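Letters A, B, C and D name the chains as they come in the text, with residue numbers starting at 1 for each one.
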Amino acid sequence: MGVKSLMLEIALVFGMLLCAVMVIRAGRLLAAALWLAGVSVFTAMLLYRLGAIEVAVIELSVGAGLVTVLFVFAISVAGDQGMKVPSSVPKPLAWGLLAFALVLLLYLTLPPPEVSAMRAEAAFTETLWQGRALDVLVQIVMIFSGVLGFVGLLSESKSEQMAAVVALAEAEPEPPAEAAVTEADALLEQEPV
Amino acid sequence: MAGALSLLVILFPWTGAVIVALAARRNPRWLHLLAAVFAAAAAAAGLGLLFYTGDAPAVTLSLGGAFGDFTLVPDGLGAFLAAVAVVIGSLAVIFSADYMRGEAQLGRYYFLVLLFIGSMCGLVLSGSLLLMFIFWEMTALCSYALISFYNDDPKAVAGGIKALVITQFGGVGLMIGVLVTRAALGSDSVSALLNGADSLPPELLSLIAFGFLIAAAAKSAQVPFHTWLPGAMEAPTPVSALIHAATMVNAGVYLLARFYPAFAGVPGWTTAVVAVGMLTALMGALMALTSDDLKRVLAYSTISQLGYMFYAIGVGAVFASQFHLLSHAVFKALLFLGAGAVIHAVGTRDMRQMGGLGSQMPFVRGVFIIGVWALVGLPFANGFWSKELILEAGLADGPAWAYIVMLAVAGLTALYSFRMVWMVFFGKAWTGRRLHDAPAAMRGSLGLLAVGTLTIWLLAEPFKNLLASSLLRHIGEAEGSVLLAVLTNPATLLALGVIAAGLAAWWWRESLTGVANRLRFIAQAAQADFGFEWLNRQVVIVTHRTAMTLRTTQTGQLNWNAVGIVGGLVIVLLVLIVGG
Amino acid sequence: MDTSLPLWLIGIPLAASPVVYLTGRLLLARPVICRWLTLAGLAAAWIVFAQVASSFSVEGDAERLIGMVALRVDGLSLLLAGVALTLGTLVTLYSYHYMAGETGEEKYYALLITLIGTMIGLGCAADIFNLWVWFEAMTISTYLLVAFYRQQPASLEAGVKYLVQSATGSVFVLLAIALVLAQTGTLDLDAIRAASPSLPLLAAGALFVIGFGVKIALVPLHTWLPDAHGQAPSGISAMLSGVVIEAGLVALLRALGALAGVTLSWGWLLIGFGLVNMLVGNLLALRQQQVKRLLAFSSLSHVGYMLLGLGIAVYSGQPDGAQGGFFHLLNHGLMKGLAFLAAGALLYALHSDHAPLYLADLSGAARRYPLVALAFSAALLGLGGLPPLAGFMSKWQIFVAGVDTQDVAITLAVAFAALNSVLSLAYYVPLVNALYRQKTSAPVERGRAIPVTMKLPLVLLMIAMVVLGLLPTLVNWLTEPAAAAMIRLFGGV
Amino acid sequence: MTTVLVVGVFGLVAIGLYGLLIVRNLIKIVIALQLLTKAAALAMVVAGQVSGQVNLGQSLALTVIVADTIVAVVGLALAVQVRRRFGTLDVRQLSTQKR
């Protein structure tokens, strides 16, 4: 493995992490969704370099394509509420915990084992459809229950929709106490993102 | 025969319980009758069992594995206590026919009472420690449910839960003891522990011994676990009689008596038993002296008398303790039911609002005085013989400091008993409405108990022979005639003298006011339950505060929940890295 | 054993699911048909289960290889399948009236039977990745069930927390699987066990504990549980609490068993989590006024008892603790199932609008609903560990195993567990007390009748509980092989 | 070079988790979950490659992608419902169930 290849690898991982950071920092949901697509693209490239060509393609089409479309759809339905103020979890706590966990995990897992010689293996399609046939079958179950879940959560009769709208309209005049605090916090916080 | 009888003595009450529960919506008169019939049948079986005692398991049910063999062993000690439970229990049931007339939820009442009686019999008859523990817990459950019977009254509910939690807490001691026995001896039969105690490592044996002591103390309302008993006074009065005289509290004394041969050699154990008994007897008497609630006085007096029994076991007078248990069961049942008749008539438990009731209720006054006579230990009621026997053994075998205190408590007993009788039946004339003396069913129960109080000591010899079979070498005290030994021992005169002093102190109480004032701090401490009630409440408050604080960690916010996950990961990683 | 039998056992419920949905939705458009189809599917599964169980008792484990992934029926799979089918059938019966008239009833039944099928599959998985796939399928089938009352904000909220936390846990599991694969080059559980211990496998173990721990509700990963169990339809609460938690536990045991050689700490880790769970669960339930939430918190402490028994077994290498733990698993399924179903029956009778059921609402319920109150009290007292009900017997078995190790620390842990049992009475008993009060609450006075399809499961569960309390060895045929399988999982004989 | 990938995977996990801790918008939390998922899929392929079984790793990664896409779909459906019923996506206001 040449230095050039290593540099490329580092660049791809860096790009992926950078996009991920931007996902969290993005103020608007739409921007976050697009940055997520960026993460997907970098991940796909990494997968491709690892020799996982088929999954790279799928990641590109599903991860960067389908999922982004889904998010955009959901955002358009639910509205792009910008919530710039972070949660009530103190940032130092979040940082500390994660850094600690990361250090411990890396301590246990680095250095990773050497790449062993490629075993003689069946082709991807064969591995998937025959070797892991059971996984695929259960995936069908998952998709079925996922679809039921999606439909069950979203499909509504007209009367229900009206009821929801009425309920919301009734709730609107008195905004939750939290909202006022939120805006005040936002002014104090002055964070551009 | 022994097998059939030992099963029947449990199954009669239990079957009755189920039948009464199923018939709960029928005519209440049927319920009273059904319950009384089943209780009486159980009493007959229990008395019959006394003639078929034996040390071999009469009934065996093999479960295997962690559960071992369930056996029933109707030996002398077990059969005797079963008989006490069913006989006094059935009298309480019969008494209830009048006392509970017109109450709601009679089905539930009789169901629990009968279940209670059956469980108590199972407890004393079981030859397997696990089975004993099961019955032990069942009596706790039944007592809880009965104490909280008037469950719209928060005081009754709180009293019930307190009784349950404290006795269950003690039960943990019993359970650990049983578990350790099992692990060390490979068997959880009672005889295995009795026979194998010598071969156990000393530290394990003392763990078992003190575990059992905690359990016994909690069940028998000994210091520092006695706080539940006064709260248990919220129960209907027949239930109080049942708990105090026939069932619950005897279980602790039974446990110690049963395993005394195994534990006597454990260093410090007998001293601990003596100390617990002595402290309880003293504190119970002082609290009885300063309380104005009739049932509470009786409750404290129960605690105090149980202290005598513990003390007796501690000094090795196992037979004396059981003899006193028998006497106490009879006269305390009499006193409770008598008090029940009074409370039923007057409608209050406060003795300051009574007085002069004797003229209105001569029958109740008569039997009540017989009960008090025995409680105080005046000749020749049953309490006299057993209490003298305990004090003699204490003088002969126990430490002097404990004997002196126990002797003084005999005087205190006389003092509070006379105070109680005076405040209820004598003193100022009763000016309230016309009262009825006890009705028929009540009279029946009371009369039988009064006769028992006066005569049961005549059975001392056969009783001793009955227990000798199961208590083996530890019945050495009073060779020859028990009664003769009491009469001829100089300790008897000493005790009678102290009792007379107690009586005198009440008679000349007016002139003793100065002393009483100087001792006021003791009275105040006694009224405050010597701080144990406070301690008890603190434990509850701290637990609840902790719970409330912990509840705030359930923020309901997704972000904080995620903190839990990441935090959990960090903890597990750390534990694994450090722990290897 | 005919190795296709397990496939039928898993396949029948899963295949029944689309049939239930499509028939109910498209062909006949009558929800009533779903109920019967679901019951029929479960009945067929029961027949196969009986065959599997009987041939298992003769021949022992059975394995079927599909491609490179194996499905294996051992004692553990059988136990999980038994509990899932028992509770699943009773919940289906119970839902007949409870869920009648709800929008999306056909989805409810389809997902319920999918849930049962995936849990049986999870129990049989012998491949670490396949185990995750079943686990994930099980989770996905419960998302809608938890948030089934989607008109209710509280129920959506519970669904959100459940989804996000489950998904996070599942990612941890995946990372652990990746570590295992990278380190050992295999996914087969038995083959992994043969690999030599290493630090990355330790990390994998930690990630498994946390990942599956979210589903098992180990403290502090438990935060979703009271919401989900409290807000789901009562039948689903019973399933979640009675089997789904336990399925997570089985998955964790399989995964950790494969890593048994990595460290000696697994037993202590399980015991530690067990003790923390007991205490925190009890304290959180102590002041709870909302009945279903209280029951949910009490699940935490019961998971603690199971973990204690299993941890003792892992630590000592003796099957007794595991047998106790699995007996408690079974009993908890019955008791907590019963408690949730009884609470649900009262909820059904007292509130028609899915409003939460409070302690005060129960006041005097025994006067109008004596049977339900009796069943509820039996369940609560059993949960509190009062003999001679089933809950005491399994706790006893765990404690015996603990003290038999002759280890001082474990004996102390047992004492702690026993004290916790006493503490738990402080919140179970007031519930029982409220049921038998003489003063009835307003909701009880205007409550509606409870149909017989809801009472029948209660009666059956109550009988099972009492019988198991009196004859605890009756289920040895289920718990003994499960314990043996578990000891084998952890490399013992 | 595998080290770089391992750091990348754990880094992505950490960023995703940070999102779960800090972000209040429900849809954005679902996006953060997607970050975690991608890390898991990548980890599968890396593990496959390390053990010399890229195609196995690919098969696993594919299953992971499918499963987590389903989770995202259901999650978004929930989010849309939440917006309808609560009128907000703020998870801080989504905490009526506490204690």
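One rule holds for everything that comes next: a residue touches a chain if its C-beta (ideal position, glycine included) is under 8 Å from a C-beta of that chain, and two chains touch if they have at least 3 such contacts.
Small disclaimer: the values here were computed from a predicted structure and weren't measured.
Participant: Select, from B-C and A-D, the pair of chains that is joined by more C-beta pairs in contact.
Facilitator: Contact tally favours A-D.
Participant: Looking at mean CA positions, which chain is nearest the middle of everything shown?
Facilitator: Located nearest the centre of all protein C-alpha atoms is chain C.
Participant: Please compute the C-alpha centroid of chain B, do the same for chain C, then give the distance between them in whole Å.
Facilitator: The separation of the two C-alpha centroids amounts to 41 Å.
Participant: Between chain A and chain D, tell me the centre distance in angstrom, where each centre is the average of that chain's C-alpha atoms.
Facilitator: 5
Participant: Need the CA-centroid distance for the pair chain B / chain D, whole Å please.
Facilitator: The answer is 62 Å.
Participant: Can you give the whole-Å distance between the Cα centres of chain A and chain C?
Facilitator: 30
Participant: In chain D, which residues are in touch with two or more of the other chains?
Facilitator: Residues 16-17, 20-24, 29-30, 46, 48, 50-53, 56-57, 60, 63, 67, 70-71, 74, 78-79, 81, 85, 91-92, 94-97, 99 of chain D touch two or more partner chains.
Participant: Which parts of chain B, given as residue numbers and ranges, touch two or more other chains?
Facilitator: Correct list: 551, 554-560, 562-563, 566-567, 569, 573, 577.
Participant: Check each residue of chain C and list the ones that touch at least two other chains.
Facilitator: Residues 129, 133, 136-137, 140, 143-144, 147, 150-151, 157, 160, 164, 168, 179, 182, 185, 202-203, 206, 226-227.
Participant: Which part of chain D faces chain C closely enough to touch in the complex?
Facilitator: Against chain C, the touching part of chain D is residues 9, 13, 16-17, 20, 26, 29-30, 33, 36-37, 39-40, 43-44, 46-48, 50-53, 56-57, 60, 63-64, 67-68, 70-71, 74-75, 78-79, 81-82, 85-86, 91, 94-97, 99.
Participant: Going by the contact rule at the top, pick out the chain C residues touching chain A in the complex.
Facilitator: 14, 17-18, 21, 66-69, 71, 103-104, 107, 110-111, 114, 117-118, 121, 127, 129-130, 133-134, 136-137, 140-141, 143-144, 147-148, 150-151, 179, 182-183, 185, 199-200, 202-203, 206
Participant: Note which residues of chain A are touching chain B in the complex, please.
Facilitator: Listed in rising order, the residues of chain A that touch chain B are 87-89, 93-94, 97-98, 100-101, 104-105, 107-108.
Participant: In the complex of these two chains, what residues of chain A are touching chain D?
Facilitator: Residue list for chain A touching chain D: 1, 5-6, 9-10, 13, 16-17, 20-21, 23-24, 29, 32-33, 36, 39-40, 43, 46-47, 50-52, 54-55, 58-59, 62-63, 66-67, 70-71, 73-75, 77-79, 81, 83, 85-89, 91, 94-95, 97-99, 101-102, 105-106, 109-119, 121-124, 127-128, 131-132, 135-136, 139, 142-143, 146, 149-150, 153-154, 164, 167-168, 171-172, 176, 178, 182.
Participant: Could you please specify the touching residues of chain C with respect to chain D in the complex?
Facilitator: Listed in rising order, the residues are 129, 133, 136-137, 140, 143-144, 147, 150-154, 156-160, 163-164, 167-168, 170-171, 174-175, 177-182, 184-187, 226-227, 230-231, 288.
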